[in-house]
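Presented below are the structures under discussion, each in the form of structure tokens.
Look at the two complexes coming up: chain A is in both, with chain B in one and chain C in the other.
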Partner chain A sequence: MKTVLNVRVLLYYAFALLVAFGFMGTLLLALGYSPINGYATFFKTPFMNLRAIGLFLVKFTSLYLMGLAFAVPLQARKFNVGNEGQFLLGAIGAAVAGIYFGGLPSFVALPLGLIMACLLGMLWAAMPAFMLFLFNVNEIVSTILFNFISFYLVDYIALGSLRDVFAGHPMTIPVSNNARIPTIVPQTNINAGLVIAIIVGVGMYIVVSRTTYGYELRAAGSNPIASEKHGINVKLLAPLSLIMGGALAGLAGGIEVLGYHYRLIEGMHGFYSPLSIILTLMVKGNPLLLFLSTFFVTLVDVGSNALQRTMGVPVEISLILLGLLMLLIMIAEYLSERR
Partner chain B sequence: MVIFLRIELIDISKSFGDVKALDHVNLTINSGEILGLLGENGAGKSTLMNILFGLYRMDEGEIRIDGRPARISSPQDAISKGIFMVHQQFKLIPTYTVLDNLFINYVKGMDSLKPRRVKDEVRIVEELMKSLGFYLPLDEKIGNLPLGVQQRVEIIKAFLRGASIIILDEPTTNLTPLEVEELFKLMRDLKKKGIGFVFITHKLREVMEIADRVAVLRKGRLVGERRIHETNPEELVEMMVGQRIENLYQFELKPSEQRMEPVLELRDVVYAEKGILKLKNISIRVYPGEIYGIAGIAGNGQSELLNIITGYLKPSSGKIVFEGKDITNTPILKRIELGIRVIYEDRVRDGALPSLPIFDNSILGDHVFPPFAKGKILNRDEISARAERIVRIFKVATPSISKIAGRLSGGNLQKLMVGRALDKQPRLLVAYTPTRGLDVATTRFVLEKIVEVRNNGGAVIYIGEDLDELISISDRIGVMYKGELMGELQRKEFSKEVIGKMMAGYRLAEAMSK
Partner chain C sequence: MASAIESLLFYLMVAFVPYALASYGIMISGRVGLFNVSGEGVMLLTASAAFLTTYKTSSYMLGFMVGVGLGALLGAIFTFVSDKLKINQFIVGLTLFIFATGLGGFLYKVIVGVVLVPPRVQVLSPIKIPVLSDIPIIGPMLFSQNILVYITIILGLLFHYILFKTHFGLKLRAVGDSPRVADVLGVNVGLMRYTFGIIGSALMGLAGAYLPLCFTGTFTETIVSGRGWIAIAITLFGRWNPVPIIFGSLVFSGVEVLVYWLQAQRVAVPYQFLLMLPFIVTLLILIYTSRRLEMPLSIGKHYDREAIEE
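Right, the complex of A and B next:
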């Protein structure tokens, strides 16, 4: 029972990567930058010192969990584009818990913060999930709308009684030391959140591919009518998968607050949600391959930021690159499936 | 009006990778004649016609039209020469009306910019309908129409666009018997107007009924050609399969033991949907070691009956008793655990998980039970073992059990579905036309397996639309009409005539007396 990955398929993917990066060089050249310097900056900056690696891994952690939050419901063919809002709710939960219960000892305060993050993320997904269950409301529409609400909730908290009045940007006061996720490499941002993400990712892989729950999710996604006729409760399963996605996105928000920012900051979700969708679709939601695609997307994101800082190349190049790559991967898939 | 065409296919060969799909095939097709193109699944019938229609390119060979070499490299080429093909998947636009679909692409080039003359179009079609004596709802959207009517639209569309030859690829697969009758009538009427048909099929009876001439392909070779009145079904089967299949419809039904407890008993089952009665007071008993056949024209309550037995639908009133226990409110999975297995009517809609591999497909419905699951954890070795077993015993042609089920051919997918239902000896098997779309040899094989379930003491409910099949394997036959059971016949009383009358709405006594 091997996954269907043969040499030819890998070659197609390698070719897609090559073409995408070749195109990037050409683009740089056309815009009047040196492609050699461009490549060097792109690939070296993210790893030039421990600090850079730390920033890279923080982004990797959040993107991976966000991808997972999209990938799990995707098994049941549900599109959790609301992982953005769930991420923010998770961040709110972690920040509020980290501030109010920061007086408790670390082994209570930290888990409490993460649990709050998961719970609020779940809650945020649960409302669209209920609407799906009761009225068959399309989850793409409802979760997106919940994203908008979450932006203002963040404002409300970050500009409210927990506001850090000395900061120029809306953000809360920091969480207590006891609630913070310990760093695992001193002097960097590399924190135990990465370990949590890896454990959760492997766990999700097992759930999806080795448990009856995961089987039913995949079956429901593949053919809901046949699944229902063979005793699978599709109506309940799809909303449940969304709620699970909510917990994962919430966890991402919680880890980013408790492991990196140590506070809730307006706008901290950045482009996580669209990027997470791209990197999940690249690997069709396989939680293990997701590590690879997340690594790659993080690299493109961090690398193109570096290009902008050091050479003045517009950061949008990352979107061009990712868009092109997505297209090429689709072509590669088509070619490898053709007989 | 119709231009006479004589098409000669000369020495056509075509390979897909290492597989030789066609090996020097010679065939002549004429307007005004119905040519049956017969062969098992994978014999090369569709490939040959796809070459003629310009969808595939041949490796070797030549096509001549009226004696002159012709180049057909796309469907447009074929259509411009008067050759049309109606595929199993219709090329109609579901959200457009019948009239729109009939006249899409009717005009070419700059003319297509001119406004349509709807009145003229309607007049043309209405005259045609009058002269052929049939009716199409011109203003109805295609998507709202039954498949039989959609197919007629495709054929009329070809006729309107100047077809001389129309190729029909397995046109009867998804039709009810009545729709098949109507199709045949239309084919005969158009034949009188000079149209030629190529009728791709593996159904002997239909070829015998409609074709003038028949060509048989086996494994990419033309085995032979016969005028229809010079041949007989036995000879054609032998040509198709390559060996004599003795008594295609004869099975060894071991004498059943004394009647004991029924395995399944339906007591006065009523089912209504949106206020419409679908099942009216159905009472059936099925005993171990028995095949209970259910005859009837599709849509007379058979689906509902099947879904009531599986637990997918709940009866409005009445009782379902399984081995002495009331299971009226027992959920689907629990019934599967009790040993109720199902082969659904529509493998694509009801049976398969198309985007998942064969091994995942092989346990749908069993996925929560040991040995495939231990608690909530799947046992991948056991799952693989079952998939391998099904692939081996039911001869599913696949390179591996990791292959995505949606990429199996229809026949192979059906074998997988049958294999899944029969891997463990069922206490009760409910099968709805399990041989649909299967070729002769595979049909025989599947029926043998079902008889085996019976001979091993299982009870079988076999819902069929093919009377030959039903009569050959059933111990008793019940006939359904408009949700009602018109009566039951014992094996010794089986008669196609009586069953046919009951299918049309006569009760047993009436059907017997007339």
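Right, the complex of A and C next:
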């Protein structure tokens, strides 16, 4: 993993940040909003009170695991854009298990729900992984196609026999209490899912940077031909990393259902997938630095939602801001490597 | 019954255009070594911007120009960042996809807002070709269409002619297959990549503008619904050749019309599974295509003229 941290690079990053936020302010001004109010809303709302912090951490958990689901295959130069569909499949798995097996005691029902989430996420990634392994089908296109299929699957389930008929929006009935992830701070949404995400993240860091599997994965990504000659099974490693990513995205969906919504809701994936792609690319997939970039991107996501609620600025400003920032980072890196 | 078939075939051609235009765009960029996967986002942005322009000015020409112009601009950014800054093309493509998707939705919400009944524009009216348009069935299908249908077919044949029958086409393909050889032969590789990186993305922009102005008459956030990604599959299926891309696009517009028809027939399958059909077909086509996959040889690779021969 190339070291990202040195003073010059940091300076360029800071400059990129400044330009991106400057652009956002200009955009707000051009549209007749007050940029000062905009920035204040953006940075204050997420930490306004304990409830807001709770929501922030719920989103942080999902975004971090989604980022990890993109980061692990990225080590092998595979782009798991399908983490959206895998997240939804995980959510389906957790919701269905949490409803049907909710009668079981908590120490069975909860792990069962999370395992179902991981398994369905894996299954959803396994299909494009097999297509990559057997037919060399480009994973970007195949995983995205599976995303579209998953949207309709969610729609089918949320409007099917598990539908909550009293809700206006398509969603299932809630999962049983026994299947829910316990909250760790009373009166907030902060739940043990955050702890799971942190443990998994540190685990993934160790796997990627300290084990043979991780080494081979990175080697396969940086120089597939040389790796093949040294006996690394590149053809098998890349699909495996996709399946691992599927489990992580599925876990994110499972945690969001069992720890926050307590049900499957259509559209619950929001912008998780595009945001997770950007936050991973920003730190080149390093699982530890990912904590940092996830914190920042969660701030942007929650801040943009607050801007929409209080000032009527469309929430898509998060994608514009982060897309622009990513382009600026590319330019910054080019400049810092050239000098 | 005859009129039902006539109308299905008519819509086969209407739905064909965005697939074909977007696939031409991917194809022609690929032919100079650029694999641009931002199409889905480019199409959403240009659909939004073109719709808003035509809605506000009632000028279709202006709407199309805005769509094509924005497409070209994104293509210039794509080419600059991937070719000059030497960043992985998939990473640049995904970033632009996300940026453009955000901007497209943002513009619409800022200008129109969240409304119960979305505003509409009249879809571009057909141009009837005298005599030929009176032929039953194929008349309405082929000779009574909006102007973009004609342009799309002609464009495909033109691309075929340029790529395979002219000296310029030979140079163009050389840039995609072996930039070093092209360079030695005196072709300006950088200029070629910029030109067709921009033209390719502009074609995606035209495809995006087509959706609200000629097809749906309105903008929704799901207006593109995967066409930008399916176009990549069509391009692979067509092995980066214009004429097979025309047939590939017809297959997908056929599936789209079939889904529409099945829904109208009230078949006993939940509609969600019908709507999955195009994506499942795409996956099957990708598997089928993989057996004899061909790519421009230098696609995705940076060209550095000072580098020592690898």
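Methods note: the second predicted complex is superposed on the first by the 334 of 339 C-alpha atoms of A that agree within 3 Å, B and C clash if a C-alpha of one lies under 4 Å from a C-alpha of the other, contacts with A are read in each partner's own complex, and residues count from 1 in each chain.
Definition applied: contacts are C-beta pairs under 8 Å (C-beta built on N, C-alpha and C of every residue); 3 or more make two chains touch, one makes a residue touch a chain.
This is a predicted model, so every value here is computed, not measured.
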- Report for A:229: first if it touches chain B alone, second if chain C alone, otherwise both or neither. first
Between chain B (first) and chain C (second), which, if any, makes contact with A:334: first, second, both or neither? second
| said: Just checking: does A:210 make contact with chain B only, chain C only, both, or neither of them? Give me first, second, both or neither. | reply: first
Contacts of A:52 with chain B and chain C, given as first, second, both or neither: neither
Of chain B and chain C, the partner touching more residues of chain A is C
| task | Answer with first, second, both or neither: which of chain B and chain C does A:17 touch in the superposed model? | result | neither
- Message: Contact-wise, after the overlay, does A:219 reach chain B, chain C, both or neither (first, second, both, neither)?
- Response: first
Dual-contact residues of chain A (chain B, chain C) none
Residue positions on chain B within touch of chain A in the complex are 16-17, 307, 310-312, 331-333, 336, 342, 344, 349-357, 359-360, 363-365, 367-368, 373, 376-378, 380, 383-384, 401-404
Chain A partner, complex, touching residues on chain C are 37, 77, 81, 85-87, 90-92, 94-96, 98-103, 105-106, 109-110, 225-226, 229-230, 232-233, 236, 270, 272-273, 275-276, 279-280, 282-283, 286-287, 290-291, 293
Residue positions on chain A within touch of chain B in the complex are 1-4, 210-213, 215-216, 218-219, 221-223, 225-231, 339
Touching chain C in the complex, chain A uses residues 31, 79, 81, 131, 135-138, 140-142, 144-146, 148-149, 152-153, 155-156, 274, 277-278, 281, 314, 316-320, 322-324, 326-327, 330-331, 333-334
